[in-house]
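I've put the structures underneath this note.
Across the two complexes that follow, chain A remains constant while its partner is chain B and subsequently chain C.
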Partner chain A sequence: MTTIEIEKLNYRRNLKTILKDVSLSLEGDKIIGLLGENGAGKTTLMRLIAGTAKNASGTIAIKDDTEADTKKALVSYSNPLGGFAPNTPISKVVAFYEKVYPDFDQAKYQQLADFLQLDESLKLAALSKGTREKLVISLTLARQTSVYLLDEPFSGIDSMSRKKIINSILKWKPAEAIMIISDHYVSEIATILDEVVIIKDQTVVAHKDADEIREEFGLGIEAYYEGLYEEGVTHDEI
Partner chain B sequence: MEFNDKVPIYYQIKTVIYDQIIAGERQPGEKLPAVRQLAVSLTVNVNTVQRALSEMIAEGAIVSKRGKGNFVTEDTQVIETIKTQLITEHLSNLYEQLHRLNIDDQDIINALVTYIERRGNSDDNH
Partner chain C sequence: MTKFSSVFGALLSGRIRRVHQVALTGLIAIVVTTAWTMISGNFDLANGDLFGIIGGWSFVVYLVLFVEMARFTERAFVSDSIRLMPLNDTKLYLANLTASMVAFLYGVLLQVLLHVVGGLLSWHAFSKTLSEMWVAHPGNYPIWVIVLSILCLMFLVLVMMWTTISLIHLVTTSISLFLPASRQKAVQVILYIFVTFVILYIAQLVFRAPTGTMSALHTTSTGAGPVLINLIWIAVVIVIESLLNVLMLKRWVETSH
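For the complex of A and B:
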């Protein structure tokens, strides 16, 4: 079973607190929504789990493993492809992934690319926002790992692309893996979530089962999330 | 399909499948699609589908056969019971709403009969 145990995580950058006292325990084969406003710390938390951000105090254990290098092999993190030159064709990006990640499954990538209708010959610069995100999702899911981190895969994407991406997640997420999807607009992914984790004021303020929120409070996920954000204005905002 | 985000998704999945069974769209003994396939076609989580199916298995409407998949029960008695429950549920909602308006039982029956007659006529005209 996949587990992620985060204990007393604190992270500062340039004298600014990004995350404080984050403790979180995730387990099983779930899809978890990581919700919070822009700047709440969602991306930082993902980068810390993925091991691409370092020097935080506290511990993050994936399958009881806390070593940065072995942890990296357990996590597939959606990379915005910022390191590639704009004129790189998709085929070159795929070749790079194959070379760098031993767990990259070429056949699975092909299934995803076919399903999402990606044209291998196109250059990165020529891709629309939606197509670029489809490529990112295909590359991320084509790796065979225990944890998948998708950082705002739906921001600025048309509804048809969004539906296709959601379907590809449901089809190709390995049964035993944990997936964390961050978003600040909840309703588009609410039906596919097992649990939600809400980040506010640099820390985790709620971690709940999605259907429990509906059952206990008679609220939609979005209303519950917004309710938490409205509760008590912090001093920073005054 | 469109889900109501205020109602547990597993419960809505149960309702959809029960409606299909009662309407005869899924026949007794018919095999259900695989869990992941159901999840994709409903755009919901695999675990949520599993929870809905587990409850339906516990209620006897679905039979799980090891290694073969999930099937609609062949026990028509069970299907009849579910149908009765569903009708009762819809009627009790209707009854409570009308009763709250101080409409007496005979008037409710009369109104219902009149409504069904008119509805039948107007549907025939289409």
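For the complex of A and C:
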């Protein structure tokens, strides 16, 4: 069964086309890099899959299901925690997740939090960008779902935190789930990717297996990605 | 799927904390005002001064609670943390509105307790006011019918004001999706004013219903029919506004990250 099936997805916002004619089929238990420059539409595509962006045409099915609430139960999206008051302690955020997500695994969260050295007594306002991102990753991975969406998890954080987060992803990603990681700094995530999806000119211009890129093109993922952006590839070449 | 009780509990806890903060601030204001009145030498417990001070500050507390609960309700509609929960928009809408109602009623209960304390301390003045109200009550209905009708009316008007605020917020947010991104904030301010004006213009017809209820209680001699019809009319408006709000949540209202 295909895990994510996107067909003819079009999305406009504020009289501007953000995504057009996006079709994509993802399956297996892979880590997939969603790559594209700033403003390419990576976050929008993730938000459409997660169900927080609306008014798109086309279909997005998760495990053959197109109902919004059922899809939400199958997707764990790295929520930046903007809805919580700055003085909320981490323990309260964790309690919130435990209460509202039936698939939240407290034991798994604790393992992740210990591994990433999160201090639960700290309040959100006191967290550095890196620590906040570690919390977001821990909460996202502690849910037991079929799809994990990590939106730019390494943006603006130091190399030690990056390594810790990458290690936690590799260690705690469930075996049967798909994980999509968006980023525009390809070098950060290239080594852990099984497939790449590249967005350019408001649509998906490439969906390739990472090994295929290395073998067929004799290039690293970063070079392939940069080549696509420099040369220009049309939708037909996918 | 998230259970209704779970999302309701999660939404309620933050609101209850805010109710405590506002009620505590109100209590401090009552203590300070009472102390100041005593120091000034103008305080007369037997004359119901304490009851008056509590009543005055309670009005402010109710006003602040109303605004705060409206803010909680509206923020939930555009919050990633809330909208990512696996439950349908109808349940989310109902849990959100119910959480605000319950938290507000809890705030009212705290104020009623304060009034009881104030009433007991100024019993003479309080009992005199009560007996005057009892004797002077107008119309053909027993006093309990009047009290119950007024409570129902206040509750329904409160809910209608929240659903109307949601309607204004969600209509504006939905329309904004189809307007140019440039000068979005300025456009939204104008849009809010316009949408508020249009909705309030339509609502002015509806707001005649509460007035009708009050006059029916005072003057009618044709039974409880008109009172009930007016209350049902407000409930119908709440249902219609809620249906529109849920529709917009499903189709157009996105989170603001």
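Everything below uses one rule, namely that the second predicted complex is superposed on the first by the 229 of 238 C-alpha atoms of A that agree within 3 Å, B and C clash if a C-alpha of one lies under 4 Å from a C-alpha of the other, contacts with A are read in each partner's own complex, and residues count from 1 in each chain.
Following the convention adopted for this analysis, contacts are C-beta pairs under 8 Å (C-beta built on N, C-alpha and C of every residue); 3 or more make two chains touch, one makes a residue touch a chain.
Keep in mind it's a predicted model, so treat the numbers as computed, not measured.
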Chain B versus chain C as contact partner of A:A85, first or second or both or neither: second
First (chain B), second (chain C), both or neither touched by A:Y229: neither
Chain B versus chain C as contact partner of A:N167, first or second or both or neither: first
Partner chain in contact with A:F115 - chain B first, chain C second, else both or neither: neither
Which of chain B and chain C A:K54 touches, first, second, both or neither: second
Which of chain B and chain C A:K16 touches, first, second, both or neither: second
Chain B residues within the chain A interface of the complex: 3, 5-11, 36, 39-40, 42-48, 51
Chain C-touching residues of chain A, taken from the complex the two chains share: 13-16, 47, 50-55, 68-70, 72-73, 77, 79-85, 96, 99-102
Residues of chain C defined as touching chain A within the complex: 1-3, 6-7, 9-10, 14, 75-76, 79-89, 176-181, 184, 250-257
Complex interface listing, chain A residues touching chain B: 29-31, 163, 166-167, 170-171, 175, 187, 190-194, 210-211, 214-215, 218-223
